[in-house]
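For clarity, chains are labelled A, B, C and D in written order, and residue numbers in each chain start from 1.
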């Protein structure tokens, strides 16, 4: 799989506004780069002399079987990438046997995303709104539409400063709306980064562990907390009823200088890895990165930008191709590491 | 905030002599570069699940309230940057709610700087002169003009070798004088670096802790010692009556190869951080750098070059814009770190 | 010796398909680069005041005397590099007093390679085939043709993803065959990397320690296991009857992100270095690299690409020149380290 | 001082053969680069609040007073750099109050060098010749000509492979001879590196501690051993009667990959620093490098290439200017470090 070529291809077909929105990070993009570099810095100690004629890359995530421990991260505004937006992503992810986490800020309603791939497992990403009634309604709709878990993003009390979006005056083009909000506030503000303004206007900056508890009580769906980079915070999430955490720095788009996720993962696993499932995203670009994350103890990884480049270049088929590529790379990497199942991806595979 | 673009803009409007004077460092400019890199090397462990709907970035410095823990460092000859020089800097700093440290080597007299922003807090930077009577007079004038503290610079027994200034034959253009010296020696020598020659002719190379004591006894104003990079020296300053120290390597302009200030800060804080206020300058370019410095235990940071680029491009408004930019970045970074007040910027925010 | 110039020279004379096949690595070629960098990172502590007027670089490998501890690694399809392929390599290696490890995937039959340099010591590289009868036959033929050891490669249960080969549709040109397989499957599949397809079709992915034992029982020839990067695996090999191991990551062509061989070598030596001979390949480009490997405790190093560049540019003479170059560099490096024999290449020569 | 500019200037006036001879290193020039980088990696912890109005940079070396702890390293064939060669170097070094170590491979006889600056202290560099009678004669002549010490170079049992010299067919141009050898073998061989061939033909490769003893017994002059990078070797030298050692890797010209001298110095000082004087050369380019070396405990540093660039561009005056530049930089650096004498350059000045 050649993700660099795929990104270049996607870039050539996207508006600058759209490409920059997906590709960019906060401030000096130090964390954006470090996320990728941190996986690459890790070295593997492959095992040989194992019978790897049959390798099984499948796993379960919160009990749901998936073909591979590579899920699709929630990313907003996917119709910027492809006419069919989240619908195509859902179909492609389903075809690859993976699981899509649908962003609250989707440009297709959560019900329509569900309808696009009704049989596939799906999780709903949630931001705490200033008006909690909106969340209550979204949760009810997600439950009704067969979503199986909620992924509460907690690292966006304010938007990171994304220079590219400011420069581009990032907003949604005519005809594209935040479809989950109906007629309430479907558009993004204009002038500077519309997303940054939206966050200030609509999202809560006072999310605490009590809100995790509140959200967990709104439905039978388990709640994952996304955006955790510390063991103590992860433990707080678990105490508040979270079924797991996603180690994430929002793809380097929020706090620039935040620790790379590959560097933060061990601390979080130490704190709660024995109790709940721990996921990680940020900079995962290769099957070997998946091996590294799972060898540390992660349940699965989430990919964001790679799926978007697939979506942009090939719609559902493009997403599926990227996931299949990860699956193929993971299977090969596991064979080359002497691991037949994801359970055999153990810490001794990592040097030092 | 895009300081790189601002500097480029400033550069295009300045003479080479002026730009080089501000931008340059000593010898091979190793420390100049390392100051910036040292902050960037540090990684943050942001906290989530805190109520950061209200964030207060204000603090006090030697008891004086300021809107943010970002002060303006003393830099010389500001009329090289802007027609109004230190006057504009004072107005811009005051408008941003920050505090200006006025250089003895100002091109506007300390009284005129004070008059430009009479209500704002201001500190006076001091070099020990060979002729201490000059210092005594300057201190008296500063006290009379409402300055609230003295900042004694102790890392200039001789000027660092600044190749750019040597090459440019750095001196003051006609009509620009060191205004605090009246008619005594208002001009810089010509040939090579005029500043270097001035230091040799006028400044004391025998400053010791006894002089800190002497200076502290000259007025009611507290004395900060600027240019300290070691714990033992900091402790000596405190014993001599200093109200605090500024961890500084003079912006990489004196001893090339000197430790970066972000690397020296912990040692100084260990030695005296519990007793007096510790400030730091050098390479601070982002709100996240301020977070890092305060998380270590610094009281506030000083910015030098960024304020100059603001001054050069926009006078008082430019200075204010830079400070407001720092304030905005700091507030955002604190939110993203889960810190509601500067007191909540604690060491656990730093990785490793 | 100037291997960079030699490689450039070889490149200009080879097809892109052939050059890329030899030069390339897996995925992002991180391990390919790290292999070279890892040797370069090591620093030597040379001894002085030793009588090094006479330096002996010779050693024995599995009891066979060789002129230097630099052997020629098994590499496939050498007629891609030079009309005479493995024949020329055998002659050149013999002329230099070194030892050739002949690849199963040679484009000249193992008997013809033997005939090209009948007096020289030679070892036969083996992949476990899905059809073990093929291995049994190859072993019998190798024994009959005077090969002295078997080198079982165990890091290829599947081929690494080599982007260059995929792009080039790597396969053998008309008239070139895998000569050891007679008419059974002499050609590589077409489309994508033919080698990758061949591996899937023909090679076993279930090689275990039991197969090492099986192979050791097939002939009187000792068996080295190649592709080991961990102490525990090396110990397993020894328990299974291996006469030694080759620390190798297949030249960075299999698992990208695998630990560099210079970094893996100490662990393997700790585990089995006292019991069996340990070899290493990957990134060895200088006589000083040989010194470093032997100072750690390796018996000898294997060179792969350098020999191919010699072969491509000068046939047998080119191979000899490269080996002579290594010998000359090694002798000089030993002199400069104060070591008169390879036994005097001790761990204290390495810094830290 | 701008040594980069000086080198560029020198380069433009020299033949490629001459420039490459001075500038180049062995093999991949890793150690050549690391020598410079190793000093730059070290960070200083300057002291403030010291009376540095008077700074004394002078010291003694083996009892001889010199104006600064910066001596001129032995380098060969100086008439390649300047018509007057070693004569000019001797005059320039004397004018600067420093000390010249004259190479056995000088292009001016040791007596003529002595006559060029009769009052200045000078040491004679020695290679052990295969024919020890030559050494005995050279020592007697050196004693007669007022040399005060012998510097025995022990890291050249064979010449390092210097690609540039091989490519240039390094030899002496017509009319230039190794003047200390009279008519015995005044010329260098032709073809490849003439120096490398000369070493093989004339120099001993079996120098041991016994030869140090032997040399020490040949005259009343103390013997320094140059080319030591290890504590155990240094201790051997002292036991054999050496008055000190020079930590050196021959300017990166011998064993490529050898530890940088700044990294080797502490070990040697630990072993013998309390007993004898320890000198260091390699990569010293700034007054701050001198500070670092002396802070570790070195008695003085030797500069090689910088003096040659001075010689090439300005003859005696050029050498003096470079040394004066080092003196000026050292004095400034000491002031900025709070050190009034070289005795005050203590280990606490180095970070970590």
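Criterion: a residue touches a chain if its C-beta (ideal position, glycine included) is under 8 Å from a C-beta of that chain, and two chains touch if they have at least 3 such contacts.
Predicted model, so just to flag it, every value in this text is computed and none were measured.
Visitor: With touch defined as above, tell me whether chain B and chain D contact each other through largely the same residue numbers, more than half shared, or through different ones.
Guide: different
Visitor: Please indicate which chain is farthest from chain D, where distance is taken between mean Cα coordinates of the chains.
Guide: It is A whose centre lies farthest from that of chain D.
Visitor: Through what angle, to the nearest 5 degrees, does chain A rotate to match chain C on its C-alpha atoms?
Guide: 90
Visitor: Between chain A and chain B, what distance separates the C-alpha centroids? Give it in angstrom.
Guide: That pair's centroid distance is 43 Å.
Visitor: Need the CA-centroid distance for the pair chain A / chain D, whole Å please.
Guide: 60
Visitor: Make each chain a node and each touching pair an edge, then name the shape: line, ring, star, complete, other.
Guide: It is a ring, because the chains touch in a row that closes back on itself.
Visitor: What are all the touching pairs of chains?
Guide: A-B, A-C, B-D, C-D
Visitor: Which residues of chain D touch chain B in the complex?
Guide: Chain D reaches chain B through residues 1-2, 40, 42-53, 286, 288, 292, 329, 332-333, 335-337, 351.
Visitor: Taking the complex as given, what residues does chain A use to touch chain B?
Guide: 27-28, 30, 34, 154-155, 157-158, 160-161, 163, 204-209, 211-212, 225, 227-230, 232-233, 236-237, 249, 254-260, 263-264
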